[in-house]
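First chain written, first letter: the chains are A, B, C and D, and each begins at residue 1.
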Amino acid sequence: MSIVKKPGAIANWYLPGIFAGMWFTLVTMIRNIFNQDKMITKNYPEDKYEYSPRFKGNHVLTVKKDGSLRCTACMLCATACPADCIKIKASEHENPAVEKYPISYEIDILRCVYCGYCEEACPVDAVRMGPEWQTPGLAGTNFSYDIQHLAYRAQLKGGVLSRVDDEERHKAGI
Amino acid sequence: MPKCKINGQEVEVEAGTTIIEAFKKLDSEIAHYCYHPGLSVAGVCRLCMVEIEGNPRLQIACNTVVQDGMVINNNSEKVKETVKWGLDFHLINHPLDCPICDQAGECELQIQYMKFGQYDPEMAEPKVKKNKVVDLGSKIVLDSERCILCSRCVRFTEEVSKTNELGIFNRGDRSEIGTFDGKPLENDYAVNTVDICPVGALTSKDFRFRQRVWYLKNKETVCPGCSTGCNVKSYYNEEGLFRVKPRQNDEVNGYWMCDKGRDTYKFVNKENRLLEPKVGQSGQWDSQEVDGVMSVMSTKIDDAVKSAGSDKVALVLTGQYTSEEYASMLSYFVGHLKSKNVYHWVNNPESFDEFDGLLLRGDRNPNTKGLLNGLDQHGITAPWSDLETKLNAGDIEVLLVAGPEDPSVFPTLTEKVSLFSKAKNLFWMSAAKTEAADSATTKTWQIPLKTYAEKEGTFVNHKGIEQKIQPMVNIVDCAQTLSEVASALSGQKVDHLGSLVKDRKTNHFINHHGGGL
Amino acid sequence: MAFSQETIEFIKKECQRYETRRSAILPCLYRAQKEDPNNQVTPEAVAEMATLMELPEVQINEVLHFYTMYNKKPVGKLHVQVCTNISCSMNGGREMAEHLCKEFNVNYEEVSSDGRYTISRVECLGSCDTAPMMQVNDKYHENLTKEEAVKLLKDM
Amino acid sequence: MEIKLLSEHYDKPEFQGLDGYKKLGGYEPLKKAFQMQPKAIIEMVKESGLRGRGGAGFPTGVKWGFLPDNGEPRYLLCNADEGEPGTFKDRLMMERAPHQLIEGMIISAFAVGSHKGYIYIRGEYNEPTAILQKAIAEAYDAGLLGKNILGSGFDFDLDVYQGAGAYICGEETGMISSLEGKKGQPKLKPPFPAVQGYLGKPTIVNNVETLAAVKYIIRDGADGYRKHGTEKSAGTKLFSVSGNVMKPGTYEVPLGYKLMDLINIECGGLKPGRKLKAVIPGGSSAPVLTAAECADATMDYENLAQKGTMLGSGAVIIIDDTNCMVDMLKVILHFYHHESCGQCTPCREGTGWLHKIVSSIYSGTGRLQDIDLIQQVADHMAGKTICALSDAAAMPAVSFVQKFRSEFEFYVREGRSKVKGAVDAQV
């Protein structure tokens, strides 16, 4: 509970307050001009914050060593998703060792609540919450991310490698 | 009749009943894989172990007949421990495939592990590798690693379909299910093996990877594929139907259904449906509103009756609709129009009485018997040739045809449409979008009808057994039932079952968005 | 490859010999194996047997794959089966098998390059008192040493 | 001391042929049997205390008594699918004295009222098969088989059927399946073969030695046979001794004979400088005995059962101190893994699992808890399946691990065998 204080008579006379404020602004401005690296604010978008690697930003679909999608279209992420924002269509892969893969994987990022359940549900480290958080777009369709965007967007530089490797799993007898 | 005590509960069973059947009778839980009531006893999964008082060894419930006074339990520590290990033995070489396995969600291994297992696995050695994604034919894919060798499928091909395609090759933990090269699993009942497979070893190519089963709802209905009227469960979501599985009814189909019946979900789905009423002929068609078409139909019939008598109006019915629909349509015709110009369109007269000895009948309509009953009641006996004569003579002003719901069972559709085109005005009512109907050469109105998945009603099978169907999901919003058509024509408001209602509001919001998860 | 006339006669006769036609599967498979140039039973042979015996192919194939004495892969002229079960391995059966493989430069279950030898390790052949021993085609050779076994095979 | 009933004339080559066999008293008991009532023969066999010589040791007369009286045709099957590692007694009999088996079978068939018999012989036994076939042809020619045998009015047909390499066909219902031309997978019991066996008809399955012994029971009478052996284990038994002894071979001794005498007197003892480590007294499926347990063991059903093992098929495998028990168990489990028919899950998966665990210990990657795991897995395999193969795999596994645990632990810790270490230390 906050206590409401009655403003005193001096406070009612507001000009000193204004000057004090402007003085503070002036001092800070001058300090910032000569001391730019200690500045708290950033020059967005030229300057960006470094986020912790555990930051849960926009989704990334990981890839295998050969660059194909790691995702097996098990739909556990879609099942776990509380916002119902993941839509997957599965199909039979021509390689019997892969068997099932997604022909479409869409995340409606406007519905997403960034809870990270999809990442947790994934049995093969195929979907991760990435470091990016900027989601600008000009039209509604820009917010429906497809495989091309989720796995191979320019920022990912050819894709993020999944930690789960089929060969190693086979060797381990799984 | 012997009495026994199962887990403290007394139960009386028929002589010769096995313990597992007694458990089922009591709805008592018992772990099992290889036992299937429709097949012989194999006794190989060794999970249905029970303790019988006075017997130091645990016995399998599926091969032990209940004797009077037996005291049986499957909840002692000894049994539980055995079942747990039994599950462990099943799972040590079972791959961790669940994410890509179609059976996940309805897999007996998952279900029974959660019920009876829940141990920490001890296996540290590599699993046995076997063949995966083995093509068994045009309908089924096998994954040998997932197979737990319960032999249900092998027994099915041996005992039920009697086609002997499947066998278990090799021995020990190298055993694998398979077919002989050049003799694939191709019989009319093959997909039943997928249903009885307790794990994801056999998967249906048709359903493979199309949906995770937990996204699907199901309802009990009756297969419209033939006059046997197999009891089935249809699996659907808001997009439509995905598959059909049999459910047990000893009087009708036992535990099985044929593969042709499994395809009956396809014609329900949007891509095969007539989506809106249209008018036109010879490939030139314009969209219409339902109400508009109904009033045109009503006017045309009234005009024809007024000018030339009710003989100029005829109705053609197929055995694809519910008894309720026949009743309202016939009472409109006979009661309202005073016409007995109703004809039964037999889709395949040559093979109509065929029977494959198991389930599939040549009469590929679900309700021929219902239609015949309806015609009988109204004393309608006009043979098909009458209609042909009248059409050829140009005597028919308005022809109403309740056409096929499933056009694939109407081999002579095109010829029939060209025959119907001899009427001056043709009202073609059908759920299906067909090229044949689009090729009609007279002025034709096409009116979309509801399929069996969208309406309530009764089918009467070849034996005369009445069976109910129930609506699942609306695929085509503007589709009508024949009852609705009849009421619109007679100016009465009736519900889809034919009973009178005062005022009916349609709520399009529900129609568009209903049926979601 | 089609069966010879004698084999066809044999199969037909065997089908009459037992109470059920199915019983004839085992002897007929032996016959088919004997007739094959590679001493194996091929799927074609199974298919032909199935037609001759009027039985489903899968029943014959099940039997073929269940029993170890039917070869599913080509086998050399001399099928050397070395017992490596308990009594024989106590007396050097495994070493003998190993030695034969090295001597004839062939892996287990494979045909040597000259097409003469196939060496396999098998379970107890019921000749434990004379361990180590091996069976070459139909005949037992007992109380062997590595060297004797090599010499014996080379002389055959 | 050896007492030779069945093996009396093994050393005489003429015993193989019909003439020689007849000269040495052959087919006389058959004539005697035809003078008796079939029921009386069954009673006599019951009285003699003859127990199945194939492994399970079930009283033969009692088994015959299980046949239902329903007028269906009955089959008499001779189990010559001698697959148990360490067993070779039946092969010897079929090679040296085929007529002895044929005569035993005719008498038994007469007793149980069967008119068709099969000798199911394992596929590898080509030589014995040929000898048997020749002997059967001789017997047919002499009117000893076929219609109206020796004018008795009794018909009996006998045929030889060769298996094709499956240990499991030694199990009676597995054998019946195989004879029906199927995979040799054991059938569910009940119904037992005596009620529904070969082709669903009442069937009696007996071991070669059991059937041959019937002849001697008829010849000597129940009491004459009983005077050999002990009260509960009557008669003589052929023992196949193999492993690390000077003179391995088949020896016929009365039941109740001392195991150490069998090793030291009949078999000429161990090789010089070696010490007895363990004995498997009844084929590879019998639990192992340590040297200490062997000291007072006698070869009969009861004494061995007391010691937690069994007489089985009478295959005595002698293991001396140069053998590593981990290795021995690996060999045994490989066998059961290879031979499991794959029907019942606990056996199909369990035999493979056990073999994998022991192999991983053998290759040095084992863990200490694996030793307990072997016992647990084996415990849960035993008694849970259609036939006894899973028990046969579980029993040696449990006994090896229990009785030679220190060797297994040493192997896991050091990644090498204790035996070689011990030998090295001595040098």
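By definition in this document, a residue touches a chain if its C-beta (ideal position, glycine included) is under 8 Å from a C-beta of that chain, and two chains touch if they have at least 3 such contacts.
Not measured: the values here are computed from a predicted model.
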Margin query: If I count C-beta pairs in contact for every pair of chains, which pair wins?
Written below: C-D
Next item on the list: Just give me the whole-number Å value for how far the CA centre of subunit A lies from that of subunit D.
Entry: 72
Item checked: Distance between the centres, which are taken as Cα means, of subunit C and subunit A, whole angstrom -> 65
Note to self: From the mean C-alpha coordinate of subunit C to that of subunit D, what's the distance rounded to whole Å?
What the structure shows: 24
Note to self: I'd like the Å distance between the centres of subunit B and subunit C, where a centre is the mean of that chain's Cα atoms.
What the structure shows: 51
Notebook entry, point to check: Residue numbers in subunit A touching 2 or more other chains?
Noted result: none
Check: Out of subunit C, which residues touch more than one other chain, so two or more?
Finding: 59, 62, 66
Next item on the list: Hunt down the residues of subunit B that sit against at least two other chains at once, touch-wise.
Entry: 125-126, 168, 170-171
Next item on the list: Could you run through all the chain pairs that touch each other?
Entry: A-B, B-C, B-D, C-D
Next item on the list: Flag every residue of subunit C that touches subunit B in the complex, lowest number first.
Entry: 43, 46-47, 56-59, 61-62, 65-66
Checklist line | subunit D-touching residues of subunit B, taken from the complex the two chains share | finding: 41-47, 49, 57-58, 63, 81-82, 85-86, 89-90, 92-93, 122-126, 128, 148-149, 168, 170-175
Item checked: Contacting residues of subunit D [partner subunit B, same complex] -> 166, 168, 183, 188, 190, 337-346, 348-353, 356-357, 360, 367, 370, 373, 376, 380-381, 383-386
Check: Taking the complex as given, what residues does subunit B use to touch subunit C?
Finding: 164-171, 179-183
Checklist line | Parts of subunit C lying in touch with subunit D, wherever the complex brings them together | finding: 17-27, 29-30, 59, 62-63, 66-70, 84-87, 89-91, 123-131, 135, 138-140
